[in-house]
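Notes follow the structure.
We call the chains A, B, C and D, going by the order they appear; numbering starts again at 1 in every chain.
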Amino acid sequence: MPFNRRQFLSGAAAVAGAAAMPMPAIAASKPVKIGLLADLSGPLAEGGIQMKQGLTAYLKSKNFTLSGYRIDLVIGDTGSSPAQAKNKIQELVERDHVDFIVGPLAAFEMFAVNAYVIQHKVPTLCLAGADNLTQRAPNPYLVRDSATSSQAMHVMGDYAARKLGLKRVITIDSDFAFGYEQEGGFQQVFQLRGGCVVKKLWSPLGTVDFTPYLAQIRDCDGVCQGYAGAAPVQFMKQYAQFGLKLPVCGGETAGDDALLPHFGDYAIGMISACPYTIGYPGEANKTFIALMKKYFDSVPGFYAAGTYMDGMVIEAALKSLHGDVSDPARTVKALRAVKLEHTPRGPFSFDHFGNAVGNIYVRRIEKVGGKLTNVTLETYKNISQFWPYPEATYLKQPAYSRSWPPVTACKA
Amino acid sequence: MTALAIRGLRKSFGGLRVTQGVDLAVAPGERRLIIGPNGAGKTTLFNLIAGDLRADSGSVALFGTEIAGLPARRRAHLGLARTYQIITLFPKDTLLRNVTLSLLGLSGLRWNPFVRLDRQHALIAQARHALGRVGLADMADRPLAETSYGERRRVEIAMALAQSPRVLLLDEPFAGLSIDERRDVAALLAEVPREITIVMIEHDMDVALEFADRISVMHFGAVVVDGTRAEVVADPRTREIYLGE
Amino acid sequence: MWTILAINSVTFGGLLFLLSAGFSLIFGLMRVPNLTHGSMFMLGGYIGGSLIASWHLPFWLAALVAAAAVAAFGGVMERFLLRRLAGSVLAQVLVTLGVAFMVSDFSLMVWGGDPLSVDAPRALAGGTRALGVFFPTYRIAVILIAVAVAAILWAMLDRTRLGAMIRAGVDDPEMARVVGIRVSRLFTIVFCLGAGLAGFGGVMGAPILSVYPGLDFAMLPLALVVVILGGAGSLPGSLVGSIVIGFIYNFGLVMVPQLAYFILFLPMVLVLVLRPQGLFGRAAP
Amino acid sequence: MTARRALIGLAAVLLVALPLWVPGNYDISVGSEILIYAIFALSVDLLIGFAGLVSLGHAGLFSLAGYTLAVCLGAGFGQPAAIALALAVALAGTAVFAALSLRTTGVGFIMITLALGQIMWGLAYRWVGLTGGDNGISVSARPAPFGISLAVPSHFYEATLIVFAGAVFAYRVFVESPFGASLRGTRDQPRRMTALGYNVWMIRFSAFMVSGLLAAIAGILFVFRAEFISPPTAALTASAEPVLMAISGGSGTILGPIVGAALVELVKNVASAYISRWNMLLGGTFVVIVMFMPEGLVPGTMRLLRRRFGARPPAPVVAAGTAERKPPP
């Protein structure tokens, strides 16, 4: 049986590697510990495994040495359960004394550990999208190199109205907070640009057959879905089976590159907005994709890219901190000050809440050389979580919810 | 006043009328035997009297109190006890615990969650006494599962007697017993004081006839013949029923 | 829209029937609440899907092989685990859930966390115009398959010696033993049959639902709901129960979307409170 | 008997001194979690082991108490008021659960409780205004009785231990009381109990209320420990967990559910740090327990010990219901 906890520690191999290279003397001191909080079992395992692969790929490629400092990686499996996420973060922080937490994946897990993170001052690089973590109820120890739940959807709304020329859209999403924020973001900007959301459909989590919702899709010229995990595959397939041909757009989870090998031809044409795209031409992205292929024979997506870049962010912060991670406040400050040019998602930096400001890619699923891939249609540069509004204006409006923004009658 | 007065008792399952207008009057202290071929509705009658089944119509009165509409547990509190044809006891528990449960059923103590049952010495002494009455005092602490069939039958009777009922219904108390065991149980029943009225269903005529003051013969859900032992034996309808079988 | 919902109610019901018929038989005959049933459905889907995707087996052959594999798995489970636990419901609950955990983790280990998307057989791809609406051909085929399976099962229960023995066992297990039916062999057969049906259902469902981690525990409550509604051990009960659930699910989600999370459980509570033995079942033992 | 006393004493000393002999705060915190789940498992086993009723909806009651507490604290109620309200609401919910589910027994009972639990789970998701939906509710303040801050892990552990000890003591008194005997009677021979003059329905209902009270206490402690509650707390898996704990440890005993809770929580929280396939381990553990000790770990161990030391033959141990355990093969 594989050993989770000490599976990737800097052990003999890494130390030998470090000795072979001209490293600063400090490399021999106490290693820096990163705790990964990921869903390695349960319904979100697909994303959790990608998270583990992404971070491991980066650390392995750097021989578990970032900016000259030895890294220990400790992994905690949240089992896709908030209660267990809470226990695991306690274990990582109190028992393993990690210096950084990477993860968790889901908003409901992040909320379970949020108070703990603040209380114990743990620099945390999470992938959970929940808007308010970096907005109305900011967590001072949080850094998010991906995006808020609504960030990419703002862009999608803009693109749908202006480039796709959609006028009347029906949104469909899971009946929980991530879905509300995704569709809220879409609707807000889509309507700002002259579009109109005519109906919002919510399916309960764990829905196996989407037909009752598909049957309600009519009197519109497009569909926006924000499913996550395995649901996009199910949804797109059933959508096509019912002969629906209206354009579908979605967010980072709906068109996640990691799902590409699992989609069939029915998904061709789906447009999604995402802070990462497999087609980004930068050298850093090519390296990332090659590493994922080499180590795990895996096609990387948004979650793997997120933790991979977390590795890069930590590396840069360690450099500016000279390896001193004893003061959490200083560490977070250093993390948030990180500005990277060459990463799998291209250049990005953080705003004062710790949320990434960077490119959002609008892509379409196409078949290239017999394989499905996301082809970039347009790159929106330097997109913050508040785009297209100024921060103050944005924060004045209510948080997105099931009922906000409301569905209003469309002008004919 | 009659101990048990039944009038026009009816019960059907689906379309099948199992009990069709039973009338029965048992005097206080009487020993009444109910006989009849299989399927005559004897056990159903007991279930109706004891309240395990609800009658469709008709009345059951216990010493003048109408009980047909009451749930079985209320009938127990009014002084009705029964044994079952198929022994239904608590096999994991000791004999003593079985009888204690019976006593507890009529005691207000049964709702008490704050004291230990095994410290309720008065109650337990009473249970031991009840076991003694059926000759099982020395086996009181043995689990019921480790006793013989005949012993369990006596425990059943001990449980019923422990409740000091006014009317006791015995459903085939001799069924499945060896000859010796039958003799023991018969002796036991003979000693039951006359304050307790007994109604018994039994197939074993040898033991039962001797015991009974009066006999009722049931057939097709009704009491067909009612009388003393001699009257019933002499009645041609009795012969008809038993020979026609 | 209503026509689509109505047809789909039957499709979904058909799929539920494939899932729940075995559960109902096993429960009716053996009194074993087989909480591994959802896992068997998922396992069937994974095995069938892999056979199609990696081994390029034809769809129907893959379905049969997967059903046989899951049936064999069921047989092993019955022989080596459940056999020793007859009559002890709690131990059965523990062991079937324990195996369900293991299957779920095993699947994660073998197939990873990614969803496995299975294509419908080519002949059934695409859609058909029926009753004035466009409906996926494969979904219509699922209805026919469910009907065919129901007919075969019915014929088997009604016309064969094995069926007579199963019916006798469901009605009165004690009596069946007394009249010399080899109950132990019968149990193994029925458990294999139920497991195989679930595995077959998993393959049939795969082109519609895909196969993914968590499918097992998404399907298990559905099987339970159907059996509660239809009554245990009754084949017509499971069929009608499945279709009723199909209708409640499809129309309920559209008509009362605010109750989406309770759509299956509110009617279930109502049925159970008013008629604890299920709509078609006999009184619980 | 004295050996038994000594063992209980030793266990008590070890439990009280746990913060001294485990490595750190995290482990102390796992200790609290085990105690909380032990109370929850006992709550469920009161129905399984003593009434023969398997509930698959108890997480609904557990989370009802937890949510009420979290909502009340969020609304600015004081700790005592919030706790009292949580208990009251959970008991009211229990009464509804019991009234509906006691229409039947056996599998019907399992299914009604399951459905009711699912409805609570759905409510937790959908009643966003009150529950925060899937984001849940955070609770930041643990109580500070007599000025002792329970934010300190060892303090919280000791406080939990006090509640646990109280619960176990009360539980023991309860199951050995005349009422406990009545309850077991209704498990084995409900019809007979009626004929003996017992109100079977009311006995079951009362037991359900006590069980609900224990579940509520566990739910309240859970929220104070996790400082958080969200819908998965009410999910079907969360209801199944205490059932599995009770059965694996030994249903119908007091020590059994406690041992079962420790087993499951240790696999989930400690073994999972070393073995990535911990779900497999947990499932496998259940299967192995059933293979060798179908009656559960505690009664099974007792049986083996008795056999080993050649005391009297094992008394028939019955899991629940009227089903007799088959003789060991």
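Keep in mind that, in the parts below, a residue touches a chain if its C-beta (ideal position, glycine included) is under 8 Å from a C-beta of that chain, and two chains touch if they have at least 3 such contacts.
For clarity, every value in this text was computed on a predicted model and none was experimentally measured.
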| item | value |
| --- | --- |
| Two chains sharing the most contacts, counting C-beta pairs only | C-D |
| Nearest-to-centre chain - CA centroid comparison | D |
| Longest centre-to-centre distance from chain A, chain (CA-based) | B |
| Chain centre separation (chain A, chain C; CA means) in Å | 36 |
| Rounded Å distance, chain C centre to chain D centre (Cα mean) | 31 |
| Between chain B and chain C, centroid-to-centroid distance (C-alpha), Å | 48 |
| Chain D, residues touching no fewer than two other chains | 122, 125-126, 277, 279, 324 |
| Interface hub residues of chain C, defined as touching at least two other chains | 105, 108, 260-261 |
| Residue list for chain A, restricted to those that touch at least two other chains | 41, 175, 204 |
| Each pair of chains that touches, named by its two labels | A-C, A-D, B-D, C-D |
| Complex contact set, residues of chain D against chain C | 48, 54, 100, 103-108, 110-112, 114-116, 118-119, 121-123, 125-126, 236-237, 240, 243-244, 247-248, 251, 277, 279-280, 282-287, 289-291, 294-295, 319-321, 323-326, 329 |
| Chain D contact footprint on chain A (complex, rising order) | 1-5, 7, 40-41, 75-77, 79, 81-84, 86-87, 90-91, 93-95, 107-108, 111-112, 114-116, 130, 175-178, 204-205, 401-402 |
| Sites on chain C touched by chain D in the complex | 27, 33, 81, 84-91, 93-95, 97-106, 108-109, 217, 221, 224-225, 228, 232, 258, 260-262, 264-266, 268-269, 272-273, 276-277, 284-285 |
| Chain D partner contacts - residues on chain B that touch it in the complex | 50-52, 71-73, 76-77, 81-82, 84, 88-92, 97, 100-102, 104-107, 109-118, 120, 143, 145, 159, 163 |
| Interfacial residue positions of chain A with respect to chain C in the complex | 41-49, 175, 201-204, 206, 208-209, 211-216, 218, 229-230, 233-234, 237-238, 241-243, 258-259, 261-264 |
